[in-house]
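Shared between the two complexes below is subunit A, which pairs with subunit B and subunit C, respectively.
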Partner chain A sequence: MSETATGAQTSDGTAGGAKVTAGVKELREIARTLLAEGDVRVIIGWEAARRGARPVFVTDPAEADRLIFDARCVHNLVTYLNPRRDHVAELGKIGLIVKGCDAKAVAGLLREAQLTREDVVLIGVRCGGVLEENEMPAAVTLTPDNVAPRCYGCDIREPALVDHLVGEPQPEPPRPAQTIDERIAALEDKPLEERWAFWTEQFSKCVRCYACRQVCPLCVCERCVADKTRPQWIEPSPHARGNLSWNITRALHLAGRCVGCGECERFCPVGIPLSLMNRKLQQIVAERYGYTVGDDPEQAAPIGDYRLDDGQEFIK
Partner chain B sequence: MSDERFFISESDLRALAADLLGAGTEVIAPVAVDACASPAAMASSECLRPGMEPEHLEYRSLTDASQLDLGRGLPVLSLKGYFLPEHEALCRWKQKGTTIEIEAVPTEFAPRVVLAAKPCDSAALAVVDEVMNWDDKDELWNGRRAATTIINLACPVVDESCFCTAVGAAPDAVKGADGLLTPVKGGYVFEAATGKGGVLLEAHQARLSPVADALTEAADADNANARAHVAANLDIDAGSVRDWINTHFEDPLLASLAIRCNGCGACSSVCPTCHCFDIVDEEEGVGRGTRRRCWDTCQAPTFTLHASGHNPRDDQHSRYRQRINHKFSIYPLRFGEVLCTGCGRCTRVCHAGQDLVEILEAIDIAARRPAEVTP
Partner chain C sequence: MSDFEPRITAFVCNWCTYTGADLAGTSRLHMASNVRIIRLPCTGRIDPLFIIKAFERGADGVIVSGCHPADCHYTSGNYHARRRFAVFHDIMAFVGVDPRRMTFSWVSASEGAKWRDVVDEAVANVRELGPFEAYRALAPEAERQA
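Moving on to the complex of A and B:
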C-alpha cells in the first residue's frame, strides 16, 4: 500500500497534522519495544491519514512512528478485539491502545468471557475528551461546540486495566452545547405521538447496512439474530416493520452491556441517533438495577447476574 | 434539437419544475433536508449549535418546486434507490390448501423527471443497465429507466475523494442522462443529450431562450476546470488496474486490504453502482405474503454462506477483495464498464478509514510502476 498521506513526518514535528507530544513519543517507544521484543505481533492504534485520524495496524517496529494520539482519535479500537474479527486475530497477539472509555469495552469483553486478559497488551492514553468529528487535517482545541457529547460526564482521565500508561494528565472535557441526557429529557417531554413520529422518521432512514452492529465492540454473537432465517425473527427488508424490529432488538441486546462509545451512531451512514436509545437504556438499567457500566470486569452486569432482591414489579 | 444549447434562468428552471409538478409528473431532485426541522431536531447535536445549518442533501420527490436545491452538493444516497428501491415487492401470494394465487406487481411506471442529478449518479445507472439486461431483463429496473428523464447538473467537484475522471465518467458527463445543465451567470446552459431529453426541452420551449456564445464558452471553461480539478485527485489507468487485479488474485495487496474494515455494508448502501439484492418471502398473516427484494452486500458473511455451512469468502479480507475485484476487474471484463463512477461516497462514509482513492492508487502503482511498490 502506498503511504501517500501517512507516516511522513515534517520538520515542525507533526505527522499528518498530528502533534508529536511527549506522550506520543512515549507511545511510539512502547509500541516499538513491544513489537521488537516479540511481546505482541501487532499494535492497533491511530494514524493520521488523508481524511484525518483512522485505525492503523502496525506490525513492523520501524513503523511505530505512524502512531498518533490527539482529539481526533475517536474510534473505539476495542472493536478489533471482538471475537468476530477472525482476520485481526490471525495477526497474532495484539497490543491495543485505549482511552479511558475504551477500557470499559475491554472490561465488557472480559466480563462476558469473550477475551482473555493475558491475550492482549493494553497501552492506555490519558484522555481529556475527543472531537465529535474526527475527519479533519489537524486536531483542534475542544470546545462545547465540537466535543463528542458522550465525553460529557466521563470520569476516566486514566484508563483502567492497562499494562502501560502514557501522556500528560488531562483536564475534564468541556460540557457540550446540549448533553445526551438533556436531549433525552427534551424528547421525553413530548407527547407519545410526537415521540413515535420522531422514531418512525429516524428508523425510516435505516438501510440495514448493519454498520451499527459491525462496529460495536460488544455485538459479539457469531450469528446475529438479524441474520437468522429459520425462523426469520427480523424481516430483512428496510421497511417500517423490519427497521423497527431491527433497531429495537439491537438496542435491547445491548441493554446493560453498551458502554456508550457511540460508534454505532458515528458509523451510521444515514444519521440515526442511536445514542439516544442506548443512553436511555443505560438510564433504565441504572434506575432498575443500580448498575452503571464501568471498567471493572468483576462487576457483574444485570444480564449475567441474578439476585433475589431484583426488582420485579414490572412483571405483571 | 439535441445538438442545441439554450439558456434558462434559475426562476424559469424552477418554473419548469413547477410546470411538471402541475401536470402531475413526479419530479425527483436534490433537496436540502433541514436536519433540524421537527420532529427530527433531536437527532442531531449540530442543530443545537447557533449559526450551524447542517446541510443534508437527499434526492427526494418534490412536493413543491421551491424545494429544488441547485447548490450542487452531493446527496447522501445516490439515485440508485429510485431505480432499485431499498426494498420492493416482486409479487404477492395467497395460498389456500394446494391452491396458490400469485399477484404480479406492475412493471410499467408513470413518466417522471430527475432534475439536477449528479453526473456520477446518472452514469452509474448506465453502467448497471448492462447487468440488468445481461441474461434476464430486469423488468422493474428497465420499467423505471424507461419512464424517467434525467437532467444532470454539471458538478464543481465535491472534495478530494471524488475521482470520476479516473473511471471513465466526468463532472459534466451525460452518461445515463438525457440532458445537462451547466451554471452560468444568471442561469444555466441547458442542452439535451438524448431524444427523451429533447422532448422535455421542446415541451418547455417557452422557458428557454437562445444562449449567447460568451455563456457557452464560460460553461465549457468551467466544466473543463472541474474535469482538471477532479483528474488531479486520482490518476490511474483503469485498464491496467483491471488486468492487474485479474492476474493477481492472491497478491498481498489484494488479499490483505481490509484489516481496518468493519465489514458493514455502508459502502454498498451509499454506492450508486452496487446493485446486489436478496430475495425474501415475508409472510403477512396466514397463507399470504409478499416476495420482496432488498439491497444486499458482498461485505456481509451471509452473502456467500452456503446451506452446507461452508463459506467461500469467510473472512473480511476476501470479502473486501471481492468488492474491489468485482468493481474494477470482473465487471469491466464482462461488460466493458468499470462498476464505479468515482463519487467517493464509500470513502466518505467509512469512519474506519477504508479509502478507495488510496487503494486504487496503490493498485495502479503495482500495475504500472511496480518498481515503486514498497516491499
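Moving on to the complex of A and C:
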C-alpha cells in the first residue's frame, strides 16, 4: 500500500487532513536543503500517520515533505540523541526538530557532556502547545479539555538554542481544567497518611517495564541502578515496596534535570501520574535554589552544585 | 505502644559525627541505645537509596549526620549532601513519609553531647510516631507471612 510508504500524506498538500502551513513548508525546505547539501545524514521529526503524528527518520531529501508540525507532535525526539541509543548515532549527523521543551532536554545533554553542539543541527518550531492524547487522525485546535496540562504556562514556546527557527508565533496554550500545580497543591493539602496512601496505590500499579526510563531523554546512565544486582539496591520484582524505591529513585535522579516534557507519564502503560513527582521536584529546586530549567547549557544544574549559604532549616 | 523500641539507622561520616559519637561513648554519656551506626567516609557518600533501603529492611527512623559546613574533610562533600538531602527530605514529605522519621544533623568530633541530644530526640520522635508499619505493609506477601 502506498499509504504505508508515504505515511498519511495526500497529494493535495495536506498532512493528515490539515492544511500545510507556511511554517511546515519552511520546515520541509530547511530539512530538504540540509539533507541535499550533506549537512546532516538524517532528519528526525514528525510525520502524519493514521493514528496521529509519529516520529519519522528522513534520509532522502525527496521525502522531506513527510515532515509535519502541529499540536499532535507530542513526542520529545531528543530521546534519540540519548547516548544510550548508539544505533541512532550510527546513522550519521542528525538534524533534529525540537519544540521549546525539547530544546531544554538538548541543553541538559550538552550541560552534562553527553553531546557536543556540533553533533546535531537543531530546527526549532514555534509551539502553541500540544495535545495530551496525540492519536488524532487530523490536526485539531487545542481546548482546555485536550491540551497537555504541562503546556499551560510554558516559558519556552520559542527555543533559543536552535540553528533554525520556523513557524509563525503561536497563541498561548489554553488553561486545562486543572493545572499540574493545582493538582500538587490539592495533594499537599491532604494529611501525610492520605498522600502516602495515594502514592503507594499509584506505585503499586507499576509493572516495572521501565518505559519511563527508556523514553526519558535525560536518563543517560549506561547501567541503571535499577539493573544492578550486586548489590541490588532496587528490588526488581513488581511489588509495592520495590516499586516505591524505583519510582522515588527515578524522580530523584532527575531532580533539577527534568525538563517536564511529560514523556515518562505519557508512556507509562498503567497511568502513574509521574508529572506530579517531576513537577514537585521542579518546585523544590525553584523554591530552595531559585533554579528553573531552561535551554541554556551554560546554566549549572542545582544538584551537583552548591552555595555556602544554602538553606538548612531541616538540619539540626 | 509502651513496649515499642524504635530501630534507628544512623549514617554518619567518618571524620566528624563518628568521632563525635565515639566521644559520647568515651565520655560515658547516657543516651538511648536504639541507634545502629553505619560509618561512611563522608555525608557526600550517602545515597538517598541507603535511607530507602534502611526503611525497607525495617528501620523505623534514620539519622544522617556529618561535618558542619566549612568542616568537611573533603572540602565540599557536606555541601553537596545538604542539597541532595534537602530535595530528598521534601519529596519524601510529598510522598507521605513523616519528616520526623528522618533526622539530619551536623555533629563535629568534639560534640559528643550534641550527638546524645540528636539521638535522644530522634528516638523520642520515632517512639511517638510508632513503628513504621506503613512501610512494612509494602513488603511482598511471602515475606510478610515469613
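Keep this in mind: the second predicted complex is superposed on the first by the 302 of 316 C-alpha atoms of A that agree within 3 Å, B and C clash if a C-alpha of one lies under 4 Å from a C-alpha of the other, contacts with A are read in each partner's own complex, and residues count from 1 in each chain.
Just so we're on the same page, a residue touches a chain if its C-beta (ideal position, glycine included) is under 8 Å from a C-beta of that chain, and two chains touch if they have at least 3 such contacts.
Owing to the predicted nature of the structure, the values given are computational and were not obtained by experimental measurement.
Following the overlay on subunit A, a side-by-side fit with no clash is recorded for the pair subunit B and subunit C. In the superposition on chain A, A:A240 makes contact with subunit C only, not with subunit B. Of the two partner chains placed by the overlay, neither subunit B nor subunit C lies in contact with A:Q299.
Of the two partners subunit B and subunit C, more residues of subunit A are touched by B.
Once chain A of one complex is fitted onto chain A of the other, the partner contacts of A:A255 are limited to subunit C, with no touch recorded for subunit B. Look at A:T143: by the touch rule set out above, it reaches neither subunit B nor subunit C. When the two structures are aligned on the shared chain, A:F57 is found in touch with subunit B, with no touch to subunit C. Once the two complexes are overlaid on the shared chain, A:L281 sits against subunit C while remaining clear of subunit B.
Look at A:R208: by the touch rule set out above, it reaches subunit B but stays clear of subunit C. In the superposed model, the vertex angle subunit B-subunit A-subunit C (Cα centres) comes to 90 degrees (nearest 10).
Using the contact criterion defined above for the overlaid structures, shared-chain residue A:E132 touches subunit B, although it does not reach subunit C. Think of it this way: put the two complexes on top of each other by chain A, and the tightest Cα contact between subunit B and subunit C is 7 Å. The intersection of subunit A residues touching subunit B with those touching subunit C, taken from the two complexes, comprises 187, 194, 197-198, 235, 237, 239.
By the touch criterion stated above, subunit C contacts subunit A in their complex at residues 47-49, 52-53, 56, 69-70, 76, 79-80, 82-99, 103-106, 118, 121, 134-135, 137-140. Those residues of subunit B whose C-beta lies close enough to touch subunit A in the complex are 35, 39-40, 42-45, 48-49, 52, 56, 76-77, 86-87, 160-161, 253, 258-260, 262-266, 268-270, 278, 280, 282, 292, 294-295, 297, 300-302, 314-317, 347-349, 351-353, 355, 357-359, 361-362, 365, 372, 374. Looking at the complex, you find that subunit A touches subunit B at residues 1-5, 49-51, 54-57, 75, 79, 85-88, 90-91, 132, 134-135, 145, 149, 176-178, 183, 186-187, 190, 194, 197-198, 201-202, 207-215, 227, 232, 235-239, 242, 266-273, 276. On the subunit A side of its complex with subunit C, the touching residues are 187-188, 192-200, 225, 233-235, 237, 239-241, 244-245, 248-249, 251-252, 255-256, 277, 280-281, 284-285, 288-289, 302-308, 310-312, 314-316.
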